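Two complexes come next, and they have one chain in common, subunit A, joined by subunit B in the first and subunit C in the second.
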Partner chain A sequence: MNTLVKQFRLFTLFSRFALRTTLQARMGIVFFMLGKIFRFVFIFALLAFIFSKTKTLKGYSFEQTAVFFLTYNIIDSVSQVLFREVYRFRYMVVSGTFDMVLLKPFHPFIKVLVGGVDLLDLVLVIPYIILLIIAAFHISAITFGSVLLYILLIINSLLFASAFHICVLSMGLIFTEVDHAIMIYRDVTGLARMPMDIYKEPVRSFFTFVIPVGLMMSIPVKAFMNILVWPVIFYAFFSSWVLLWGSIVFWKRALKKYQSWGG
Partner chain B sequence: MISVKNLTKIYQVHIRQANLLKDIFFRTYKDKAALQNASFSIGENELVGFIGPNGAGKTTTLKILAGILYPTSGTVSVLGTVPFEKNHAFLQQIAFIMGQRNQLIWDLPASDTFALQKEIYSIKDHMYKKQVEMLGGLLKCDHLFDKPVKTLSMGERMKMELISGLLHKPRLIFFDEPTIGLDIFSQEIIRNFIKSYQSESRATIILTSHYLEDVKQLAKRLIIIDKGSIVYDGSMNNIIEQYSKIKLLTVVLDKTVNQMEIRAVAPPFKYKYPKVVYKVKKEELPEKMKLVVKYLPFSDLTVEDASIEEIIKQFFKEKTWE
Partner chain C sequence: MRSYIQIIKTTVREYAAYRFNFLLWRFRMLLNTALIFFLWFSIYEGRSLFGSVNKAEMLSYILFSSFLSAFVMGTRTPEIASDINNGSIINMLLRPISFFGFYFAKDLGDKLVNVSFSFVEILFLAYAFHAPLLVPQPSLLFFYFLICGVIISFYINMLLSFIGFWTTEVWAPRFLFTMLVFFVSGTYFPLNLLPTTIYQLLLLTPFPYLYFIPTNLFIHKPDNFLVPQMVGALVWTVALHFIARFVWRTGNKNFSFWGR
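Presenting the complex of A and B:
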């Protein structure tokens, strides 16, 4: 228990320092936020344009499609809030700073996985949640149980995201390659901005059950709308834990192979 | 405290081939032994100099002892544990301070890094305050604690690194080139600090440095590593005595003399009036001193050992011939 409390305190301290470091570059913050807002508004406008030409998208109304899009943004933003430090991992390995992390009496994930919390992304999550609540009021099938399941599946999605980011860290240890892996992750998860139903088989199943992008982004929304079957829900929970376990095994193997070339 | 037996570390290095396609699809590797059957032990309260040429295996050894790297074979025990298991109780007792690495938070004052270290090592408030004051006092740098690290000079940053690394009073300290890139004044400050700190804290210190003056001034015991093998493990005095075959005889002249008189003693190593420096073999020293007295009007005469760099060069030269 003491260890968990200590790790949590370290996490909050790293987060505080990360925020203070971010606030050093005030103009950078402005441009960063403007870029994010512009991208969101642009895609939302595209969605509105599509629905000006059609009443439904694969059977989903505008509000339902908006919930898919907003859920994707919430999960993606929260992942970026938590795992921003992973984007800096290559520099840590190449410069040798990662060695200093290994020498400290705390789990390295506290620093290299969640040690650079980017609260700017968190600020944008708030309007996403507000818009989601507004859209949800137009969907009749939602119940208290479906909302609870939705929240649990979003947390489950963050486990998927954690597993992926841990795999990226492991690859960074062995190959010093992080940037392209992260770009592939962002591109692949971007497929789930819209309901996975828009894709034909076998692409839809491949990106739902094999590369679990659909499990991360679409399944929570379908649970929210009460249109999901229980086997799929169990599969989503089961596969996130399996992937997380696998990523940790990969990390431990990578640590053994780590050659500390940096510096 | 430290026990190393037959420690070996082999890296696999990719060998680039002339043909690009072969290089991608049929890659070949070569085994490079960074360490080969190295064995030594270090006790409590020792300050050991660990030197060797570039690529000898010094940093690899330190990283294995600290648990950063896994050895290929051999046994390592540090503070009673196996370092690469990264037991938190073990990590709590060690510090690794590298001259070339910065673990301070770049954009924030050093005091923030100290606060982080306090949390990491669970240092109690009164102990923390006492250590910061003591270390800041020894290094005379209290006024720098609240300045952003990026605004500090290299020497000042090194002082902050030292304080940050030693706040938790480690029992075992690895110094990997702590004076690299520093001016001679800063080097002296760091050396004096390490000396004072070690005598007060009785920590075990392993020091690597390419500035052999660091090692000569601080370490009583020397381990020399070359091409992954330990080639010397003994006292500093012993290696100086054994391999210091040359003495430097410095004569301060009273008045100008002609070249023939200077050369009558021996060809000078350096001559800029009024100082003449001769490099003299140890066994020839009495004879040369007699010649100095006979031929040169001098006001001062000193005999010094050759520099530690010359001694180590001589050591490696003789090792090559063996």
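Presenting the complex of A and C:
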């Protein structure tokens, strides 16, 4: 218990440091926030534009499609809030700073995985949730049970996100390549801005079962709308844990291969 | 001229040297195109028209705009901002070559490599998923708008990098610009599907000239000479040329660095 409290204290300390660093770049904050708001508003406007000329997209109404888009945004933003430090990992490896992290008496993930919490992204999550609630009121199939399952599957999606980010860190240790790997993760998950049903086979299956973006982003929404069968839900929970376990094994192997680059 | 050709060749060779990074970059571009491509593919299931646009026109527009945007938007100018911030731009200033010419040549090398890969990608998407495509009908007017688009994109990118003369926060404005370009240049759909007032307002900005109008002219023969658009493209090209040169001169006067 003491260890957990200590780790949590370190997490909050690093988060405070990260917030102070972010606040140093005031112009950056304004432009990045504006860019993110533009991106969100434009895609939402695109959906409204499409649905002004059509009634359904692959059988989904405007509100249902909006829930897919909003859920993607919530999961993506929370992941970015938590795992922002991963984007800076390459520099730590090539400059030798990572050695200093390894020497410290705490798990390196406290620093390299969740040590740079980006609280600014959290600001955007609030309007996403409000819009999600508004959209949900227009979907008749939602029940208390489906809402509960949706929340559990969102948490499950964050396990997927953790696993992906740990894999990126491990790749950073072996190949010193982080930037492209993390951006590919962002672009691949970005495919789930829209329902995965829009993709033709074999693309849909590949991004649902091989690279489980569909399980991560679309399954919570389908559970929310009560259009899922239980085996798929179990499969989603099972695969997140398998992927998380696999990513930790990958991390441990990568750590054994890591050679300090020196400072 | 020989120096500029050499710069283009060197840029292409740089990509060959770091080919894994480049392939990953192209894979990301393919994913972005795939999202829009499949979105429209599914919208046309069970219907023949969206607004006044049929399936072949829309999918051709999406794929060819992706192809042309690789040419128009391909740039190496973001490195200028970090060169200004770390002082290494001084090496460029000492060279007996035009700074703008040097980067325009680098951009051409970048465009050549990107457009070759983009061509293969759109062929792959069209062939693998049986997308009906229109046969391109490039006219002289298309090349006029394409050249204007390339120059407009070049100067806007230069201006974004020149921000480095005044601040180290150079990435945020570029991020904002990328978002704007992505949505108001016609990446997701032809801009003329928008309500007329919004479309007319957008024509007053430089964005539709980047690749919306060139793509439209690539797949459709123009009905008339599009005089207002021709004037709009020319005005933006000339205006941005002078603005970029003015900002470059002003930035140089303000420029100071730590030395090495």
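Note that the second predicted complex is superposed on the first by the 262 of 263 C-alpha atoms of A that agree within 3 Å, B and C clash if a C-alpha of one lies under 4 Å from a C-alpha of the other, contacts with A are read in each partner's own complex, and residues count from 1 in each chain.
One rule holds for everything that comes next: contacts are C-beta pairs under 8 Å (C-beta built on N, C-alpha and C of every residue); 3 or more make two chains touch, one makes a residue touch a chain.
Treat the numbers as computed from the prediction; the structure is a model and nothing was measured.
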Problem - Fit-or-clash call for subunit B and subunit C when the two complexes are aligned on subunit A - result: fit
Practice task
Based on the superposed arrangement, let me know which partner A:48 touches: subunit B (first), subunit C (second), both, or neither?
Solution key: neither
Handout entry: Which of subunit B and subunit C A:58 touches, first, second, both or neither
Key = second
Practice task
Examine A:100 and indicate which partner it touches, taking first as subunit B and second as subunit C; both and neither are also allowed.
Solution key: first
Problem - Which of subunit B and subunit C A:258 touches, first, second, both or neither - result: first
Practice task
Give one of first, second, both or neither to describe whether A:21 is in contact with subunit B, with subunit C, with both, or with none.
Solution key: first
Practice task
Between the centres of subunit B and subunit C, viewed from subunit A's Cα centre, what angle do you get? Round it to the nearest 10 degrees, please.
Solution key: 90
Handout entry: Residue contacts on subunit A - larger count, subunit B or subunit C
Key = C
Exercise for the section: Report for A:133: first if it touches subunit B alone, second if subunit C alone, otherwise both or neither. Expected result: neither
Exercise for the section: Would you sort A:13 into first (subunit B), second (subunit C), both or neither based on which partner it touches? Expected result: first
Exercise for the section: Check the superposed model and tell me the shortest C-alpha distance between subunit B and subunit C, rounded to whole Å. Expected result: 8
Practice task
Under the contact definition given at the top, report the residues of subunit A touching subunit B in one complex and subunit C in the other.
Solution key: none
Practice task
Would you pull the subunit B residues touching subunit A in the complex into a rising list?
Solution key: 11, 63, 66-70, 86, 88-89, 91-92, 94-96, 98, 100-103, 105-108, 112, 115-116, 119-122
Fill in the blank from the handout: In their shared complex, subunit B is touched by residues of subunit A numbered 6, 9-10, 13-14, 17, 20-21, 24, 95-97, 99-100, 102-106, 256, 258-260, 263
Handout entry: Of all residues in subunit C, those that touch subunit A in their complex
Key = 21, 24-25, 27-28, 31-32, 34-35, 38-39, 41-43, 45, 47, 50-51, 129, 167, 169, 171-173, 175-176, 178-180, 182-184, 188-189, 193-194
Completion exercise
In their shared complex, subunit C is touched by residues of subunit A numbered 25, 27-32, 34-36, 38-39, 42-43, 46, 49-50, 53-54, 57-58, 180-181, 183-184, 187-188, 190-191, 193-194, 197-200, 203
